[in-house]
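Let me begin by presenting the structure, written as structure tokens, before commenting on it.
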Amino acid sequence: MLRDLKEEVLEANLLLVKEGLVRLTWGNVSGIDRASGLFVIKPSGVAYEDLTVDSLVVLDLDGRVVEGPLRPSSDTPTHRVLYREFPEIGGVTHTHSVNATMFSQAGVELPCFGTTHADHFHGTVPVVRELTPEEVAEDYETNTGNAIAAAFRERGIDPIAMPACFQKYHAPFTWGKSALDSVKNSVALEVCAGMAMGMWRLRPETAPLPGHLLDKHYLRKHGPGAYYGQGKV
Amino acid sequence: MLRDLKEEVLEANLLLVKEGLVRLTWGNVSGIDRASGLFVIKPSGVAYEDLTVDSLVVLDLDGRVVEGPLRPSSDTPTHRVLYREFPEIGGVTHTHSVNATMFSQAGVELPCFGTTHADHFHGTVPVVRELTPEEVAEDYETNTGNAIAAAFRERGIDPIAMPACFQKYHAPFTWGKSALDSVKNSVALEVCAGMAMGMWRLRPETAPLPGHLLDKHYLRKHGPGAYYGQGKV
Amino acid sequence: MLRDLKEEVLEANLLLVKEGLVRLTWGNVSGIDRASGLFVIKPSGVAYEDLTVDSLVVLDLDGRVVEGPLRPSSDTPTHRVLYREFPEIGGVTHTHSVNATMFSQAGVELPCFGTTHADHFHGTVPVVRELTPEEVAEDYETNTGNAIAAAFRERGIDPIAMPACFQKYHAPFTWGKSALDSVKNSVALEVCAGMAMGMWRLRPETAPLPGHLLDKHYLRKHGPGAYYGQGKV
Amino acid sequence: MLRDLKEEVLEANLLLVKEGLVRLTWGNVSGIDRASGLFVIKPSGVAYEDLTVDSLVVLDLDGRVVEGPLRPSSDTPTHRVLYREFPEIGGVTHTHSVNATMFSQAGVELPCFGTTHADHFHGTVPVVRELTPEEVAEDYETNTGNAIAAAFRERGIDPIAMPACFQKYHAPFTWGKSALDSVKNSVALEVCAGMAMGMWRLRPETAPLPGHLLDKHYLRKHGPGAYYGQGKV
């Protein structure tokens, strides 16, 4: 079932390790098949070196396990909510990569300071609030997804142009057109967060990227006029 | 003798290298078989790439070598005291990993700033004082263990919920349910120490994680209601 | 066509990855054959692990693709302008390596603080201004090259003695006698940028390298009296 | 000739790369055979991956090449002076490792802040002055060695207990009982320099290690009462 998607989700999870975004088992990637409404995700607490296509878990958008012998990632309900709320996305990544996690823990937004950022994120990466005691008690992981979706809705942020957020006290979530694309956004977020920290040390009053360069770099890679790459994703 | 334990202790020592926590020969992991009261530890000054199951040293809790052709790690008496004083632990790790060693050398405690920390340590990681000239002269390594045990006892800290400390001017010690678990706690300590340093630069007045999130993340992974992973350690 | 040059350009692109200067597909190296006026460059958006000699693109100095089944790097017009404007150079490298990109984004020049820098760059590495909205709209990548060439011309900087610059809000460009040499200059730029950041923290009032040491180290490796290496490049 | 020494010197040079202390060709290790008065060193500008036992250069203490088809490292005269001036040492390492190079460029001494440092260096790592224009013009590399030897002599520093220094504006030199031992001291210097920088950020007023701990750790590994390791070097 969903063999191609599983292979991409496996590759995307292993890319997390290769790119140095995860230590131990702190991270997970999923990908969705919009036609069937099923998504594939990493099992919980399994070492990356032991991951295989057959160890991945398939669920429907109500959170029911459809296939797979193992428990899905404990963060699965968050992925599920993001797929429901952001109907155009095809993959979700969650890591505790250190730079992006520092921004999350500190609750600091990441302005766009350069073209590396503009290539992936069209503007300032937002912070999403932490959950209340009641939300934690009720359903921690589902309410994490709800808090993200509500923040984007309330602030009028387009999740396609801004495929990332920092959850306060926790860590980043990113998404994208596919599982692999969501991992690439995690890499970009980690690198840009680290560069912003260095820049604030180098020149504390650094200004964000001017709008015409933000638009140029974002649109060079995304949208109908894109001319980066070989014409496929 | 204790073949399975030796294999785990070997794997745990090699994981130190793989996770980037040791340079040269600066680190050691041990694991204990509570039934026999024997523990297995790395030999002293042996390069990690030369380690084999048969080069590991087996000792009893009085510090007598029971098996193995080489001298045990010079830190062995510290491990021995920790096994005696903390009867529920199954493994001990000592490294000079850089971030955690900075906290140790500077004598700075590590507050819980986020869920990565809360997944492993239930609260602030404590500093244990350096030894006096008399303690050093008498028995440096045994008294190191005594100082750690005394600090936890006097401050009423549960070593199961707080499996780590920074020894002033020296470096961290961690422990856990098993040798591998103690290494995972060393990884978490190193990462969280580094993230705290970054956060203090990013937002110096950052507040610790609220109690309801600390409890949620710690208990999601530990204790009777844990639901992270596949139901085994 | 140009088999030897293609092999060097492939090796130079892979060296970027090995030296940790690129993540994902953020970087490109080219090399030129001055006899034919043709240059070889990485294709756009292709993963480094999939690069082969045959996937490289050959262009002339008017920007026409002469050989290769794929689109050239989106930064190709910038390389082209540099080859036209700096007739003595043989290779060009563009990366988003983190330290050099921080200097670029912040618009901070890099003074020569030590002999590592002097071995590669004879003085302060300059910042080149960002493009105007009109320049972006007209031809972003060509005008990037024009801005670099104009900055060197107007400030009287010799591009052979200073084979690097930081483009404001964007990232570094380096060049050299060959494709491989331009990558080595990228490595040196990244290392020296990182060391300068550390030094400003360690001793904010640090003075630049005295002139007699700058000249000694630069000339030990470059020019007619060079005695570093085995007498070939 | 000197086959065993050459094999150790090759291994020691490759260890520099493995430990991340060198980029490109910025570093060199030598080892001496005191019986014959001959030393073995890396050739100049040769990539580490191309190094073989037969590419190493053998010289006498007057600087004459005795064996080897290639030019010796451009820093060879510095090694030669150190062997002459410090008759108890068996190996010398020079790198541009980033943390130690920052201390060198900034001219900042490294106090002993913890036991990792005390295991290798008995006290504060000194800075050696830069050369004058006359010294550079006369013989740069020989005078570099002379400046190091003079600094140790004038300040009464024992080069055995303090096998390292930072040369102002340049980079570190370390030495040791053997070629491999000198590389281990380079690793320790790099790690301790980095930890000191972090500690100054974490607690700017951090005090050095008390004398009884400095002596304990240094003597645990060095001298007649040493009990670290397996009783051989």
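Labels A, B, C and D are assigned to the chains in the order they are written; within every chain, residues are numbered from 1.
Following the convention adopted for this analysis, a contact is a pair of C-beta atoms (placed from the backbone, for glycine too) under 8 Å apart; a residue touches a chain by one contact, two chains touch by 3 or more.
None of these values were measured; they are calculated from a predicted model.
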| item | value |
| --- | --- |
| Same-site or different-site touching of chain A by its copy chain C, using the half cut | different |
| Distance between the centres, which are taken as Cα means, of chain C and chain B, whole angstrom | 45 |
| Computed distance of Cα centres, chain D from chain C, in Å | 32 |
| Residue numbers of chain A (touch at least two other chains) | 201 |
| Chains grouped in pairs wherever the two touch, ordered by label | A-B, A-C, B-D, C-D |
| Residues of chain D that touch chain B when the two form their complex | 19, 113-116, 119, 184, 187-188, 191, 194-195, 198-199, 201-203, 206, 209-210, 212-213, 216, 220, 227-231 |
| List of chain C residues in touch with chain A within their complex | 23-24, 26, 43-46, 70-71, 74, 96, 98-99, 101-108, 130-133, 136-137, 140, 169-171, 197, 200-201 |
